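Below is one structure, written out as structure tokens, with a few remarks after it.
All chains are identified by letter, namely A, B, C and D, in their written order; residue positions are counted from 1 within each chain.
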Amino acid sequence: MEAILETKDLSIAFGGHVAVNGVSVKITEKKFTSIIGPNGAGKTTFFNLLSGQLTPTHGTIYFKGRDITKLSTTNRTRLGIGRSFQITNVFPNLTVHENVRLAVQSQANVRYQMLAHFNHYKQFKEKANELLELVFLDDKANSLAVNLAHGEKRKLEIAMLLALETEILLLDEPTAGMSLEEVPAIIDVIKKIKGQEDRTIVLIEHKMDMILGMSDEVLVLFHGELIAQGTPEEMIENETVQSAYLGGQYDEQLT
Amino acid sequence: MDLISTLVINGLATGMLIFLLAAGLTLIFGLMSVLNFAHGGLFIWGAYTGVWSYQLSGSFIIGIIVAIVTGLLLGLITEKLIIRPVYGNHIQQILITLGFMLVLQEFIKVVFGPNQIAVSPPAFLQGSFYVGDVIFIKYRLFIIILGLLVYFVSMFILKRTRIGLIVRAGVMNKEMVQSLGINIRLVFMLVFMVGAALAALSGMLHAPYSGVIYAEMGLEFSILAFIVVVIGGMGSFSGSLFAAILVGIAQAFMAYYVPALSLAVNMLLMTVVLIFRPQGLFKAKG
Amino acid sequence: MNLAKVEKSTWIYLAISLLLVIVPFIVTGRSMQFIIIQFFIFAIFAMSYDILLGYTGIISFGHVMFFGIGAYSTAIVMNRFDSTILSFILAIIIAIILAAIVSLIVGMLTLRLKSHFYAMLTLALAGLFLVGAEKWRSLTGGNDGFTFSLPEILRDSQSLYMLCLLSLVLIFFGLRRLTKSPFGRVLMAIRENEKRTESLGYKIVHYKVIASVVAGVVASFAGVLYSISLRFVNTSVFATDMTIDVLLMTIIGGVGTLIGPIIGAGLVEFAHHWLSSLADVHWIFERWIILYGIVYILVVIFFPLGIVGTIQKKFFNRQNYQKKKQQNPRRKLDEGRKEDEDELYRNG
Amino acid sequence: MMSSLLRLNQVEAFIQKFHILHDISFEVPKGEVTVLLGRNGAGKTTTLRTIMGLNKVSKGSINFQGEEIGNLLTHRIANKGIGFVPEEQGIFGELTVGENMRVAMKKEDEQTTKRMEWVLDLFPDLKKFWKKPGGALSGGQKQMLAIARAYVNENELLLIDEPSKGLAPIIVDKVTESIQQMKEQTTILLVEQNFLMASKIGKKFYIIDDGRTVHSGQMDELKEDKVLMKKYLGIS
């Protein structure tokens, strides 16, 4: 199997605190990889390293064999690594539709066009609408993003990420903070993308049942270190994971 | 040699004056993360009220006291009316304090008239003396001593006293300090008042130094103070002292050797610093 | 061009422009015409500032340097060459090229900095230009400045009026199109959330530099008009007061609206004129800046969106509310409660 | 009947315009450890912050020792005798461990000094790193410092938000032990995701879901109630 994304001995320290410590993983192309670990295990930090928000203190990141450790966020996105954020991160005073259209526009490489009216690009408008429909936000297209409820903002995040059509999708807890009723819809969206089998998906998630159903591979982070890696079934059997992370029968899901 | 020493002393005196003004600015920025463009307004109000009472009473000390009191009061008003609604929003702070600067400057003209006022140092600080070949102007020496005094007293308060501790803790985590039972609003108001008083004091001290005061002085000097704060690293007290002295001495030398460039030297210094070290000289990271 | 596709607001603006064409035939007083001309010029200047502040979220305290570059280029060219239309066109070209070069260099050097550093650095750079204008006496005449002559047609108040109006209208529509282009939308995205714009694959520094070049060139053009309206130039065109003025106009009118700065410029210009003429009534009006400063402070605190922004927001909300009611009456209103707590603490 | 130290009655709260707490009602009996449980984003942290006055109460009442404290300013609430250990610990990173403690000490009398000594015996690490900046401590040490800091004043009630978050299991045991010692002297309201830890020290529990207190009972019973655990806590 081809590894599309690979890290070698990736580490980052903030002050004295090592948030990610010597993580070496291979993410297989067109597979669904989940990263689990308790709060504070370094999952989001790991994502930030992959997408370029942070620069590692040492270690290397390869995308299709190419060293991308020093590339900016912008360039990584253009190469094909897109991400959603755990802390909702949209353009508050633009409409929902504009939020998505900005992503569509970037994907279509229309970046410095300053003479034409944006409505000139009908295809962008339509594509943005399609994506909003996909995440069930079409009726909010003309609201300002700032006025969305939290769950809706998460949906918007996903729509923007999909609009970029990147080969890799990094999803940082897409269902965090959503009400229970909203979760299935988002899972459906993710399953739909997975069903198309043309993207590599990496997902941080706490809800074990969700991971079990979809993941091809599970990585377990604990204290910034990769303590186990394997199929979901293997992870459930794995004793290291059991003792260090799951900590007996109860407390895993509480995080 | 004596020429260089004289220039250095001149530069030090100018630097100390700028430091006093910048100290308040950097204190307020470093501790409260407030960009106060009205600082120059506090400076001229200190100068005018101080000079007015100095000339009325004949006592320089009274002038200084009045300037400080003006600073404290204006600081109180500024914090309550102008800064409090816009805590945490840099753009709004810049915009609103700039507007207040204009108002303060124009009010000077309303209260004290639009003309400039001539000021001379008090008798006991007039004149100069020689040590070897180097000339010491008393008033400048006075300013240098006072500036150093302010620096060390402030450092002592910040580093060694409980109130200093609280202020430093408050900068790092406001909510936590409140949760420990401390009224952080009051503490910050005091910090702002002290910063304003420093501005007013520097205005008052500046008056006899330049010999004349006028309302537009505020904006001119606040630009200078901002330059110093940026060069030193915003929020760094020691950085401001260093940068103020640097600017003061650079100005003194330029004024002597390349007078045409003396006005531009500060801007050039800042431009160079910002381009190569945008966080300023005394700060670890941006 | 398909007329049906033109937005309704465009027709309104065109109609207003036409009305303004008639004005000089009604208002024939030279001093009043002069005030309106000043209003047009500052409206152009304020719009250019709005591109920076309102659309891209950049606070510059040195925008006046481009205005000054325009003013001095014109004055110097007209002074050294014959006072013909040709040299006037040459002056415009020089003004624009100079402004473009300076804004490009300044932008590339400084736009990587954080907002408040950028604000101060531009303040300092404008200060450098001011010092330069004072010291380079052979070229600028120092503090006192100099007068220059103009071709006949530009000396005529009515044709000057038309020139300024035409410029205002063209620049307004040009900038409006720019802000509604895909490029303009990216600028707004940068204003809203720089980091996120980056992770969508946009190189934000490029955008900021382009925005500052556009703003610089337009400001320079305003400077050109300013100097020919006075037939005189001095160092005041580089003064910080001028930046503050244009800042006030933009904010009072409403940032990020383009039409706002025009209205702001009008208000400030006319208020200035009217209040200082009241100085005979009471001396306080001589200090009209106090009033103006207080109004401005109140605007920043209570109407941070400015006049136009506040109106637009009201309008937008109402429109949206009605739309929502029609489309989806059953939708629950209290969906907000799931807001991620952490996130709100950070934002709030 | 046990007297309750703190009582929340139908508390509602907003963050910005978002309605986060809808109906929070519970009591914290004196001398016990009461635990708040619930999913991520259920409103537990907001509840603690609202008690502390860091968040406004829009409706309902918060009663502490028979006195209404809803919407008092935070420092006043703190001075009534409530200590707070926030989720992110709130360590002053550039102050030393000693200075962190000094900020907290309201007075430096004999009694406070005694408490300080007692606390430091509980956390010998803090003594060892007395002159080290708080920011350089490990996660566990930070947590201990945060707890020690809240404890050094004579507080009636401690609010502790997820002390086990991001800590290694061995450290969690240490923190658990220290809280167990403290509960002898102080009433504690604990938010905790680590069920093992919570069940060791907690007596009574309340489950918060969707900004509402939906269930309460004794900690011992909860362990057996698989249905409840799955429904609200997602434990299978």
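The rule is simple: a residue touches a chain if its C-beta (ideal position, glycine included) is under 8 Å from a C-beta of that chain, and two chains touch if they have at least 3 such contacts.
Source: prediction; values computed, not measured.
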### Query
Suppose you hop from chain A to any chain it touches, then on again the same way; how many hops at least until you reach chain D?
1
### Query
What are the two chains with the most C-beta pairs touching?
A-C
### Task
Please flag the chain sitting at the greatest distance from chain A, going by CA centroids.
B
## Note on the structure
Per the C-alpha means, the centres of chain B and chain C lie apart by a whole-Å value of 32
### Message
Report the inter-centroid distance (CA atoms only) between chain C and chain D in whole Å.
### Response
53
### Message
With centres defined as the mean C-alpha position, give me the chain A-chain C separation in Å.
### Response
41
### Query
Taking each chain's centre as the mean of its CA atoms, how far is chain A from chain B in angstrom?
49
### Query
Residues of chain D that touch two or more other chains: which are they?
18, 41, 93, 210
### Query
Among the residues of chain A, which are close enough to touch at least two other chains?
149-150, 176-177, 179
### Query
Quick one: in the complex, what on chain D touches chain B?
52-54, 73-75, 78-79, 83-84, 86, 90-95, 99-100, 102-104, 106, 149, 153
### Task
State the interface residues of chain B toward chain C in the complex, per the touch definition above.
35, 82, 85-86, 90-92, 94-96, 98-100, 102-103, 105-107, 109-110, 219, 223, 226-227, 230, 234, 260, 263-264, 266-268, 270-271, 274-275, 278, 286
### Task
Would you pull the chain B residues touching chain D in the complex into a rising list?
162, 165-166, 168-169, 172-173, 175-184
#### Entry: chain A partner contacts - residues on chain C that touch it in the complex
177-178, 180-186, 188-189, 192-193, 195-204, 206, 210, 316, 320, 323, 327-328, 331, 335-343, 346
### Task
Going by the contact rule at the top, pick out the chain C residues touching chain B in the complex.
57, 59, 109-110, 112-117, 119-121, 123-125, 127-128, 131-132, 134-135, 240, 244, 247-248, 251, 284, 287, 289-290, 292-294, 296-297, 300-301, 304
